[in-house]
Amino acid sequence: MRALVYQGPYEVAVQDVEDPAIQDPSDVIVRITTSAICGSDLHMYEGRTDAEPGITFGHENMGVIEEVGPGVTSLSKGDRVVLPFNVACGFCTNCRRGKSAFCLTVNDPGTAGGAYGYVGMGPYPGGQAEYLRVPFADYNCVPLPAGTEHESDFALLADIFPTGYHGVELSGMQPGDTIAVYGAGPVGQMAAYSALLRGASRVFVVDHVSHRLDIARDIGAEPINFDDGDPAQQITEALGDYGTDRGVDAVGYQATVSSGEEQPAVVLNQLVDTVRHTGGIGVVGLYLPSDPGAPDEHSAKGELLYRIGRFFEKGQTMGTGQADAKRYAHQLRDMIIEGRAEPSFVVSKDIPLSQAPDAYARFDKREDGYSKVLLHPGMD
Amino acid sequence: MRALVYQGPYEVAVQDVEDPAIQDPSDVIVRITTSAICGSDLHMYEGRTDAEPGITFGHENMGVIEEVGPGVTSLSKGDRVVLPFNVACGFCTNCRRGKSAFCLTVNDPGTAGGAYGYVGMGPYPGGQAEYLRVPFADYNCVPLPAGTEHESDFALLADIFPTGYHGVELSGMQPGDTIAVYGAGPVGQMAAYSALLRGASRVFVVDHVSHRLDIARDIGAEPINFDDGDPAQQITEALGDYGTDRGVDAVGYQATVSSGEEQPAVVLNQLVDTVRHTGGIGVVGLYLPSDPGAPDEHSAKGELLYRIGRFFEKGQTMGTGQADAKRYAHQLRDMIIEGRAEPSFVVSKDIPLSQAPDAYARFDKREDGYSKVLLHPGMD
Amino acid sequence: MRALVYQGPYEVAVQDVEDPAIQDPSDVIVRITTSAICGSDLHMYEGRTDAEPGITFGHENMGVIEEVGPGVTSLSKGDRVVLPFNVACGFCTNCRRGKSAFCLTVNDPGTAGGAYGYVGMGPYPGGQAEYLRVPFADYNCVPLPAGTEHESDFALLADIFPTGYHGVELSGMQPGDTIAVYGAGPVGQMAAYSALLRGASRVFVVDHVSHRLDIARDIGAEPINFDDGDPAQQITEALGDYGTDRGVDAVGYQATVSSGEEQPAVVLNQLVDTVRHTGGIGVVGLYLPSDPGAPDEHSAKGELLYRIGRFFEKGQTMGTGQADAKRYAHQLRDMIIEGRAEPSFVVSKDIPLSQAPDAYARFDKREDGYSKVLLHPGMD
Amino acid sequence: MRALVYQGPYEVAVQDVEDPAIQDPSDVIVRITTSAICGSDLHMYEGRTDAEPGITFGHENMGVIEEVGPGVTSLSKGDRVVLPFNVACGFCTNCRRGKSAFCLTVNDPGTAGGAYGYVGMGPYPGGQAEYLRVPFADYNCVPLPAGTEHESDFALLADIFPTGYHGVELSGMQPGDTIAVYGAGPVGQMAAYSALLRGASRVFVVDHVSHRLDIARDIGAEPINFDDGDPAQQITEALGDYGTDRGVDAVGYQATVSSGEEQPAVVLNQLVDTVRHTGGIGVVGLYLPSDPGAPDEHSAKGELLYRIGRFFEKGQTMGTGQADAKRYAHQLRDMIIEGRAEPSFVVSKDIPLSQAPDAYARFDKREDGYSKVLLHPGMD
C-alpha cells in the first residue's frame, strides 16, 4: 500500500510499504478515509526527536473497517470509525480509570501510553497511509454513523477536539467561568470552542498571529495580541477583576515572545499571572523531559524556571498531560451528530495523500492555508 | 492583657498590651485557653519576613467566648470554640466555594486571605495572648463541646490537622491509594495521619530526622530516610511498582538535602519522580513569591527550576496553597469527639504563655521536645 | 407602603402595610424594582396550604438597596441586587456546603430553609411590595451592574433560572448527554435552556400545552406531546436507543395525565422508563409530605407508588429538593451580563404592582400571557 | 467436573457436568479454589425466580488460571485471580464509565449486566464447581499475589466487600460523616466496615438479630435493634441531632418488621426519616420490577409506597443498583494486602463443595454458623 514515510529531517515521501495484517485476535484493519497532519508531527519532521527514518506518520485517523480479527466483538467489516490517537488496552489500571493516554500495556515497561505513528509511543505504524492496523479494536474504535457526512468534524475526534476539550477539563472550568487560552493554533481554537460549548461566560485567546485571532473572534472569544503588551495585564484590564477563573496552555515548550525568541516557560508563567487566586490551569501544550534543541542547559532537561512562589500564594491548581482522547470522543461525536458542535472550522485544506510531502513543507513554514490539513488516501 | 509581642529578629517578649474590644457587630472576644506555636511563626521570628516589631503572634487559637457583638447569631458567652487560622468573611466569591484561605474581604484589595497574628495577612492581632478579637464570628468560630476534654486535639484544628488533611485532599487521594509525604514535621505527620484515616493502603514519610521518622512508623506509616539515598528510588523499590498514586509536599521552599544545603525545588522535583503517571501532588509546604534570604537570584523571586517536562509526560496534577482550615475543621472535630482521630500525638509540650520566649528560642534551634508547643495563658 | 396581601382563598389585595425596618445589624432594606409571580404562589392563593390571611407574597425579588444595617460589610445604599428566594445565614452546616435552601438558622428548630413571603418558610414578608427587609444581607444579596439593563433576565435569578439549572445539576448531566425534561412551564423551560447552555446533545421537553411546546422548540429542544402517547416510548423511539442519559421532573405532585386526572407519581415513574440504565434523575417539581387536597389517602401523606424495582434494576440515581438558588445565581448572572444567557424569553408580561390581583386570577385560570408575570411597584 | 446444580425449589445437588472450554479468544478457564454462597442465591434456591433446573450456581469466585485463550494479553496459566461477579466487556458505554454492573455487551439487547451462575444474567455458568470459564478475561480477572494467603479475604472481593463499599459510595459519604446502615447481614457488615475504613465518625447498624448486632459492635459500629422501637428515632436520639449524614439500605424488598411481617418499603422509608436534610441514601439491597411472591399486587410489580414528599422536602439524594464490583476490587485488594482491611470476619464456615447442598439447606433456615459459607472444591 501507499504510505507517508519519514526519510530524515525535513524529508517525507509517499512510498509503497507492506500492507498491515491482523496480528492479534483483537485487531482490525481500517481503510483510511481521512488522516490529519498534526503540529506534533513537525517535531519529528524537523528532526527534533529520536525518530528514525522509516516511520509511517499519522495519529489522527478515521476510516472504514476492512478486516476483523476473530477476537473482536462489537465491530464488523464496513463500520465507519474514528481512532483516538492513544493506542490503549482498556483493562490496565490507567485505562480502567479513563486515563487511556497512559495505558500500561501497549508500550515498554516503565513507560505509559501508546500512539499510532509516533516515536517512542510503541510499535504502531501511523495512518497517513491507505490502511491501518488497530489493536484492541473493541476499545480503540469509536463508531460513527455510516456514510460520509461530517467527515471533517469526525476526523478531529482523533486528537485536537478532545485535546482542546481536555485542556478545559484539566482547568476545572464550570459553566459561567471566565477562561484564558494561550495559543490560537488548532488545539487552542478547540480549547476555546470547548469552553464556549460548556458555558464559559468569557473566553480570551492569546496569540500574535492576526488571522488566528480573527478565527477566535469569529467563534465568540476575545482575542488578545501579545505583541500589544503583557497578555495577563490586558486580560485583567478587560475583566476589571483579579484574573480569569481558568487558563489553558495550548502552546507548550516552544513558546516564543514578541521578539521571536524561544522562552520555554513564558506561557506557564503568564498563566500564573492571568488566573486568579484559587483558579485552575490546564496544560495540553507539550513539555518534554529532554529537548536537545533547547535554548539552555536546564530547558534541555525539561527543567524550567517556574513561578512556583506566586502559583502557591494564589492557591492555584495545574493539570497536565496528553489527552485521553477516548474519554471524550463519544460525547463530542454525539454533539457533532446533533449539530451542537462543528469543529471543522479549523480545517484549512483537504488534499490527496500523494500531496502530503508538499503539505508538510508548507505547514513547517507556517504558510497560510496549511495550519490544519486533512489527507485523503482515496482522493488519489 | 499579657501577649507575646515581636521585638525584632530572634526576640519576642510577653508584655502588657491593650485589651481587644468589639469593633464590629459581628465580632466576638475569645479568652484564649490554648494557642500553639507554628513553624511558620519562625519565619517572622528569624526576620525572614517584613514583619515589624509590635506584632502579637499566634494563629492557632482556641478558647472560650467572653463577649459577643450585637450582630452575632449563633454564639453565646461561655461557648468553647476553636478558630481556623484563616480570618474570612463567609460571603465573598472564594468563601462561598469553601476557599476561605483566599477570602477577598478581610485583607487589602488585590490580595486574598487573612490570618491572626501574621505579617501581610491583614490587621488581626494574634492569639498568643489572653484575649483575641474574632471578626465575622458566626463564620470563623468552630463550636466545641463544653469543658476541657480533647483540648490538645482540638487546638490542632486551627491549623496543622486541617493543613495536613488539605495536602492529602489536594493530591486527590482515594481509599486504597499509596501516598508519599515529604517532611515529617508536625504538618507532614498530620498529612500522613490524614491519609491513614481516609484509607490509604501505604503511606511513606520522607525525612532525615530519626525521631520524626519513628513517630511516622508508630502511626502506621513507612519511614524513608533521605540520608540513605534518593527517596523516590527507595519508595519505588519498596513498592515494586512505578510510583505512588499520590504525594504531599509538607516541606516547602526551605528544603534541604543531606549535606544541609538549601535547595528550594528539591522536594517538588522528587515528588515528580516519586508519583506515578496520572498521579496527583498536593503542596502545603510554603513557597513564596519573594524570599530575600534565598540561595540564588531566581529563588529570591520564587522562580524555581521545576521538572515540568517530566511532570507533563507523566500527566500529573498539582494542587497548592494555604489550607482552607474552616472547610475541614468541623468534620475533623467530629472525628476527634468520636475517638476516631487523636492528632495530639504530635504535641511535644504544654507551657504557660510566660515561657513562650524561651520556647521560641529552643524551637528555633530545633531542640528536642519543642517541635509542637502549646501555650496556655491560663497556666500562668 | 403598598404590598400584595393574601386575604384568603382566591383573594389577594394591594393594601397599605407598615414599612420594613432594619431589625438586625446584618439587614438591608431593598426598594423593589421587580418581583415575579411564581407558580408556587398559587398553592397559597388557592388555599391548598396552611397560609393565614395577612401574608405578603413574593419570593422572586430584585431592586436597589435603600438602607444598610451597621453590620453589613459589602453593600451600600444604591447598589442594585437580586435576592435568591432562599433566606439563609451563610455559616450553618448546610450553608457552608452551598446547600442554602436548607439553612438551619433562619427557620424553626427541626426545619431547614427559609424564604420570603411563603408559608412555613420563616417570618419573612414577601417582596410583592415597595420595600423588602433582607436579613444576613452580605450573604443573601447578589450584586448586579448598576442601571436597568437586563432587568427581566436578572429577575429570574431569584428562583426559576437557578431552579431549572439545579434540576439539570441534580441529574448529573455532562456535556454531550441526552436529557428529558418533564414539564414545559417556566421552570421546565429554564431546565431545558440550562441543559443546552451546558452542552447537552439532545433535549426533550414533555408537556401537552402546545404553545409551551412551541417555546421549547424555539430554544432548540425537541417537544414531546404526551397526548400523542406514552412519552417515554416516544423519546426512546426518537433516540433509537435505550433511553436518555438524564431526566428532570419540573412538574411535581400535581401531575396530570391526558384525561386531566391528577396522578401524583406519573412523572416520576415515566422518568424511570425514560432514563437509561445508570442514568440520573433531578427532581425540582414540588412533592409534599402532606397534601390535604390529594386524590387518595396515601398521596395525602406524600406516599406515592414509585417504581422502585425498575429504578433499582436500572441502577439510576435521584436528586431532589428546592434549589440552592444562591449557589448558581452568580455564575448565571455572569452569563447574562456577557450575553451568553437570556432567560427572559419565558416572561409573558410586565405590569404595575397594582394590577397584581387581576394577574393572580388570570394566572390561576392559566390564561394566555400570564404564565410568567413580572410586577414592578415603580410602574404605578 | 463436579458442580453444584439447581434441581428445583429447595433442591441442589453436586453432580458431574461437562468441563468448560475456551470458546472465545479472550476467555480463560479458572480452577476454582473458593466460591462463596450468597444470600441472593437463596432467591433462586427458594424458587422465587424464573431459574430453570440445570443452572450451576456461584457468582463469588476465585481461583487459579488453568488455560488461556489466544486473545488474552495480561494473564498466564498459574495466575491467582478473583472474579468480580459482574461479567462485563470493558469497552461498552457503561463499562468505559466504570459501570461494569450494567455492561451492554454480555446479555440480551435491552438488558444491562451479566453475572456467573444467575438467572437472567446471561449464559454464564456459576463457579460453585471445579472450573469456570471467564469471558473478556483481561478485563474480568483481578490479579492476586500468588499463594494461599488472605484466601478468605480475597474471596469477598467478588461481591460482598465491593457491594458494601458501593452502598457507602452511593450515599456520598465523606470522612467525618455519620452514617446508618440498615441490615447486619454480610453485605450490611461490609457497608459498615467500609464506612469505618473511609473515616466515618459514627456508624449505626440496624437489625434485630442479636449476634449480627454483636459483630457490628465488635468492628466499632453502634448497634440499633429495631425490636426496641423505631430505629430512626433511636438513632436521632443517640445523635442528639437532626439525623445522620448518610444511610445505606443493605436489606432490600424482603424487609420485615418486628412482627416478622414482610413490608417491602419499610427500610427505604425509615432511611428517609433517619437521614438528615441534604443527606444521601445508597441502596444495594435488592429491589425487583417483578416479584410473584410479594405481599400485595403493587409490590408484585415493584411499585412501593415511598415517602417521596418527605424525601423531597429534605432534599435528599438516592443512588441505587448492583455494585460495579470491578470498580472497587483492585483498591480493596490492595488494602487487604497491606493489612488495612480484613473483611473475612464475616465468614462463618469453610467446607468442601460436596457439602454445599447441606449448607444451602441450613443457610436457608438461617442456622447459626451458615450466614457466610465458603466452598472449596479442592477440599473434597
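Chains: A, B, C and D, in written order; residue numbering restarts at 1 for each.
One rule holds in what follows: a contact is a pair of C-beta atoms (placed from the backbone, for glycine too) under 8 Å apart; a residue touches a chain by one contact, two chains touch by 3 or more.
Note that the structure is a prediction, hence the values are computed from the model and not measured.
A count of contacting C-beta pairs for C-D and for B-C identifies C-D as the more extensively joined pair. In terms of their C-alpha centroids, the spacing between chain B and chain C amounts to 42 Å.
Taking each chain's centre as the mean of its C-alpha atoms, chain C lies 40 Å from chain D. Among the residues of chain A, those touching two or more other chains are numbered 97, 330. Viewed as a contact network, the protein chains are fully connected, with every chain touching every other.
Residues of chain B touching chain A in their complex: 94, 97, 99, 101-102, 104, 110, 112-113, 170, 242, 253, 265, 268-269, 277-278, 283, 286-291, 298, 301-322. Chain D contributes residues 174-178, 197-202, 330-332, 334-335, 337-338, 340 to its touches with chain B in the complex.
Residue ranges on chain A touching chain D, taken from their complex, read 24-26, 69-71, 73-74, 89-93, 96-98, 105, 138-139, 326-327, 330.
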